[in-house]
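As written, the chains take the letters A, B, C, D, E and F, and residue 1 is the first residue of each chain.
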Amino acid sequence: MRPSQRTLGQVRPVTITRNFTAHAEGSVLVEFGGTKVLCTATVEKGVPRFLKGKGQGWVTAEYGMLPRSTHKRMQREAARGQQTGRTMEIQRLIARSLRACIDLESLGEHTIIIDCDVIQADGGTRTAAITGACVALADAVEFLIRKGKLTVSPIKFMIAAVSVGIYKGEAVCDLDYAEDSDAETDMNVVMTETGKFIEIQGTAEGVPFSHEEMLDMLALAKEGIEMIIIEQKKALGDSLIKA
Amino acid sequence: MRPSQRTLGQVRPVTITRNFTAHAEGSVLVEFGGTKVLCTATVEKGVPRFLKGKGQGWVTAEYGMLPRSTHKRMQREAARGQQTGRTMEIQRLIARSLRACIDLESLGEHTIIIDCDVIQADGGTRTAAITGACVALADAVEFLIRKGKLTVSPIKFMIAAVSVGIYKGEAVCDLDYAEDSDAETDMNVVMTETGKFIEIQGTAEGVPFSHEEMLDMLALAKEGIEMIIIEQKKALGDSLIKA
Amino acid sequence: MRPSQRTLGQVRPVTITRNFTAHAEGSVLVEFGGTKVLCTATVEKGVPRFLKGKGQGWVTAEYGMLPRSTHKRMQREAARGQQTGRTMEIQRLIARSLRACIDLESLGEHTIIIDCDVIQADGGTRTAAITGACVALADAVEFLIRKGKLTVSPIKFMIAAVSVGIYKGEAVCDLDYAEDSDAETDMNVVMTETGKFIEIQGTAEGVPFSHEEMLDMLALAKEGIEMIIIEQKKALGDSLIKA
Amino acid sequence: MRPSQRTLGQVRPVTITRNFTAHAEGSVLVEFGGTKVLCTATVEKGVPRFLKGKGQGWVTAEYGMLPRSTHKRMQREAARGQQTGRTMEIQRLIARSLRACIDLESLGEHTIIIDCDVIQADGGTRTAAITGACVALADAVEFLIRKGKLTVSPIKFMIAAVSVGIYKGEAVCDLDYAEDSDAETDMNVVMTETGKFIEIQGTAEGVPFSHEEMLDMLALAKEGIEMIIIEQKKALGDSLIKA
Amino acid sequence: MRPSQRTLGQVRPVTITRNFTAHAEGSVLVEFGGTKVLCTATVEKGVPRFLKGKGQGWVTAEYGMLPRSTHKRMQREAARGQQTGRTMEIQRLIARSLRACIDLESLGEHTIIIDCDVIQADGGTRTAAITGACVALADAVEFLIRKGKLTVSPIKFMIAAVSVGIYKGEAVCDLDYAEDSDAETDMNVVMTETGKFIEIQGTAEGVPFSHEEMLDMLALAKEGIEMIIIEQKKALGDSLIKA
Amino acid sequence: MRPSQRTLGQVRPVTITRNFTAHAEGSVLVEFGGTKVLCTATVEKGVPRFLKGKGQGWVTAEYGMLPRSTHKRMQREAARGQQTGRTMEIQRLIARSLRACIDLESLGEHTIIIDCDVIQADGGTRTAAITGACVALADAVEFLIRKGKLTVSPIKFMIAAVSVGIYKGEAVCDLDYAEDSDAETDMNVVMTETGKFIEIQGTAEGVPFSHEEMLDMLALAKEGIEMIIIEQKKALGDSLIKA
């Protein structure tokens, strides 16, 4: 029995609010139950130095948690003078995933920076962030098309993510904090709307996991992500841009 | 004529939402028009090393802006590895102001950390932050009383803040971004509910200001802050704790 | 009664020594009683990146304290790897004040860097620094004129600064360390030779201050600064350049 | 056809040299073809602050590359003043994997630090590092037993790791640099000697990968790791300590 | 012919001013011609962690240059966030030299921190710093004796330092900036009042130097240091404490 | 009697292995007994900014110790976020020494970076590093000649280094860790194959040293370095490039 009374494969209510703040080219508040992440997309002209003159664009991401988004206050990374290893790992994951869903050549010499800031945390912040970031990215692309900078969308497919794990011996989908801190295995899965994998990161927290457990988790992830992508598309509505 | 069509002394609509996020002992979203700041209060047992054994408490504050809270994206301070001088100046101002409204001896050996994070910026983020922070502080104190850690509130008086300035030759109250970036003088004023000053920080941005202009600005600040304190008290309602 | 036996409005002896060191374009030792600050002005060709091609100049400032300029040794900021918030706040104040007294367009594409290093501290180091820095700036401008880089001085007016405060219930001018560490309110005031304000930064250290107290402090500040500007002009003598 | 002429599942020659340097409690040079990583284990008394008094031990890991271990020189992280996100990600992976194979309670209040330094890189440095680190860990445990600090080994099972990927449309095992920089998918797999998973990290570098491709990769990983664990056991010989 | 018209072995006028600033336990301005260094000594109770409980004291040193002590402004190390390698090298040299002239056991559990800050630079700042630092150290020791913390002086002998070099093919003593920037070899020598060596650091800047040249330089250093120690003793007068 | 049973002037067995790793333009493992340092040379086109357009090349060096190259583990400088003063001092010494043996004008606009990483430490790591670095530099120059970038070698002479010291009252050559940690004086000497000095750095660790002791140490250094240069030349064989 899950602490939240959900069934094994049940994802928490997913809410995606576009235009949550005023200034960014894309601004999406994504909620997976009590987990709330603000994802903004910034469009900048030009590309980082290492891509100068290659005629392609770039997508990058940064991640942060508000110090009191968590049960216990975390030290502010800006005051500490350094991002933690966990933060770096997560923002690298978000950026890699987003770059996998966009054709950087078609993007032209634009850089899109996705900022994912956790307002409230209840497990699964990185997968919620990827899910919201993809919508913010779509809005940024729409902005470029509206401004006449692009004529077709370079987005190849939507992506979304969910966490799965082994909790009390059973595969479960979309772990909240209560489950996450107690799970034997934790796995983050990023998939495309076409059912293929972008990233799988599975970690045995206590007990090694078997091939069968992995298959069970992946099956739940697939179902969960399908549901989440429906929410993304609902949120985007007519704005949904096909490549 | 002000860009926002407001009268010279008119403060933007002020909204104060308590319990905006789930985990903090105080969590207040304060809005001054388009400026939105999340102020959370964290209660920790004990005090910093330099106060050990003095039988008093401590209040401190940190300030940050989400990278895309502004028109143009700002570099994330955590990635940059350092807080800017502006950030340090602001968080020092917030903390000093809050310490002026609380009796640190009565607080006992507790530390209250106020995090002010700007979600959306449209001028006056530091004065909005002080205004919201004081409400979050009141909630943190209520938490301590509810938990039996304090019997009376150590808060001496409510404080609130507003910016005033000289814009196109006239004193105006609560400058938004359009005014702020064009003002001749910018002054931040922190006052108590009893009409006394906690902080005055006035800066001639272009043209030096006269004694008379200063008096005009202070008169508008006083009126504005009185109105803002009414909103604080409305938000706190029965929770309002008197010293 | 003030610890130093001065009258309420009495400024400590102010000494301004030009050409204190050999290499800088301006080098001024300013003394307010036991407070001694070395202010050097460096002229560099060109401007920071954000001003490139705008046809204007720039003035900036840095502030530091020698580790043992104070009663108790302070950690060397270079060894600590970071300037403190107090240092940043002060150097931002100095730079803003100096930029207010110079016409940056007339300065042309030159950068003037003012370094203010406290050799010995006895209260009021930031206001002494501004006072000395303005003289060093005048010397740097004279250097540019002598070298034929400028034909007229871009300095609009001299500025000087003094601290005032409420000490044992009375407004006093130019607080020394003994008063400063015990004052109820501390206010730094920067004014022009024409009697207008550049900056006011007033802080209630313990008890909020009233409108009347503020007026008392400002009156003392005005008188004090008038006296200090006389000393600046004496020091500059024939070198005094009018805009 | 693989650039190295290996068959799809063929692992490069794996060499494990114990006691490679003189001072560490465990010192292992691990080679996967041209990839050479020095893994040292340091035993320290006591545990980090967050574990004080919990009666358990700790295992942690650090990873670095010599600046010219790679084709093109990389900036020295010590000179740069910061570890890269990639380095942090890798050392977190190594440490998590090692903690999964040891019973921290039985280790008692000892900390074992594993340093993995890449002497020469040719793809797969992180999986080689995990493979060598587990042998160094076994040596450190043997040291503790020899010194009478432990009576039984807290190691639960040996672990080893290999990279797999999709290269030119086919699943391959143990990618070298030539393959790695050209692979569509890259997956690092850490498994126990009992055939269970500790970590799976798969990334679509260009094209998303399918469920079938993932199964193919995992099958190769399993075979490869079995072979590698045989080499670990050969290297440990009689020293091999069973839990 | 030397640019300064000095004879080959002639040291610049050496001036040692004690009690140059008010707060430090020792405060010495040392001048070697145009090189001016302020050396302050701070006495603190206790010792660094690595010496706790060993019943001995510690002497350490820090070195800095005011940004415009030099011909061209140097970046402020506090703003840069890091001391340069040159600074670290110099402060390590000063500290080592001072520790060589004091009996750390007799000093008891006190730490003496020597801060050497260059006010004006004209070559030889590190050797001037050592020379002044030794006098400041003597003053700090006298302070401890006066306060009854020590009964006898732990100083074993005075030390002083001078730079020598090969300039235009000839050995010269006490190089100023004009010579220093043009010398073939530069050597810093620290000696005791008893004519023995504490440190020799010689560097061929352009052309390797011969055994004979080294002997010539050392002979000049010995003479120069003897003269400098006379100045130290004159400055200390009756305060001179013998071990 | 030396702990290693060596005679007073006896250098430990010196082994120089070229091409120790695969990717660098020069890669040399140098061993002085138990001290093992990997020295790689990287050739890069272009020069640092401060040399742009001067038509000359540059040689620089970096030094590091693997955390467990020593008896007790040292903190990893990359994790600590800063190189120690000792590291900076050593890499400055290595770089200065190498620049003294090469004609930077003849090198043309190339930068050669020497990385010296200590794999195992047993005293004398900096002198071993200089010795190995010179061979790696020769290999890098040979690479440039082979590639047709240079026609003649810019190397003016080989250099090598050794440590000497006063141990139990006697001058000894090439101190190992046991001697080094117990020596009264420690001196590092860098010489050319023509018997001239590049650097001398002598430090009295406990007792000041006399002129005679210095001459004794230098005599041993000269002999030792002659022997070491023979090993360098043996290692280089036909590759040895004469200027």
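Points worth noting:
Methods note: contacts are C-beta pairs under 8 Å (C-beta built on N, C-alpha and C of every residue); 3 or more make two chains touch, one makes a residue touch a chain.
Note that this is a predicted model, so its numbers are computed, not measured.
Steps from subunit B to subunit F, minimised over paths through touching chains, total 3.
Subunit C has its Cα centroid 28 Å from the Cα centroid of subunit B.
Mean C-alpha positions place subunit A and subunit E at a centre distance of 59 Å. Here the CA centre of subunit C is 33 Å from the CA centre of subunit E. Residue positions of subunit C touching 2 or more other chains, listed in rising order: 81-82. Annotation: chains form a contact ring; the order from subunit E, going to subunit F first, is E, F, D, A, B, C. Across the complex, subunit B meets subunit C through its residues 82, 85-86, 88-89, 91-92, 96, 100, 187, 191-192, 194, 196-204, 206, 208-211, 214, 218. In the complex of the two chains, the subunit E residues touching subunit C come out as 21-24, 27, 34, 36, 38, 40, 42, 44, 62, 64, 66-71, 73, 76-83, 87, 113, 115, 117, 119-122.
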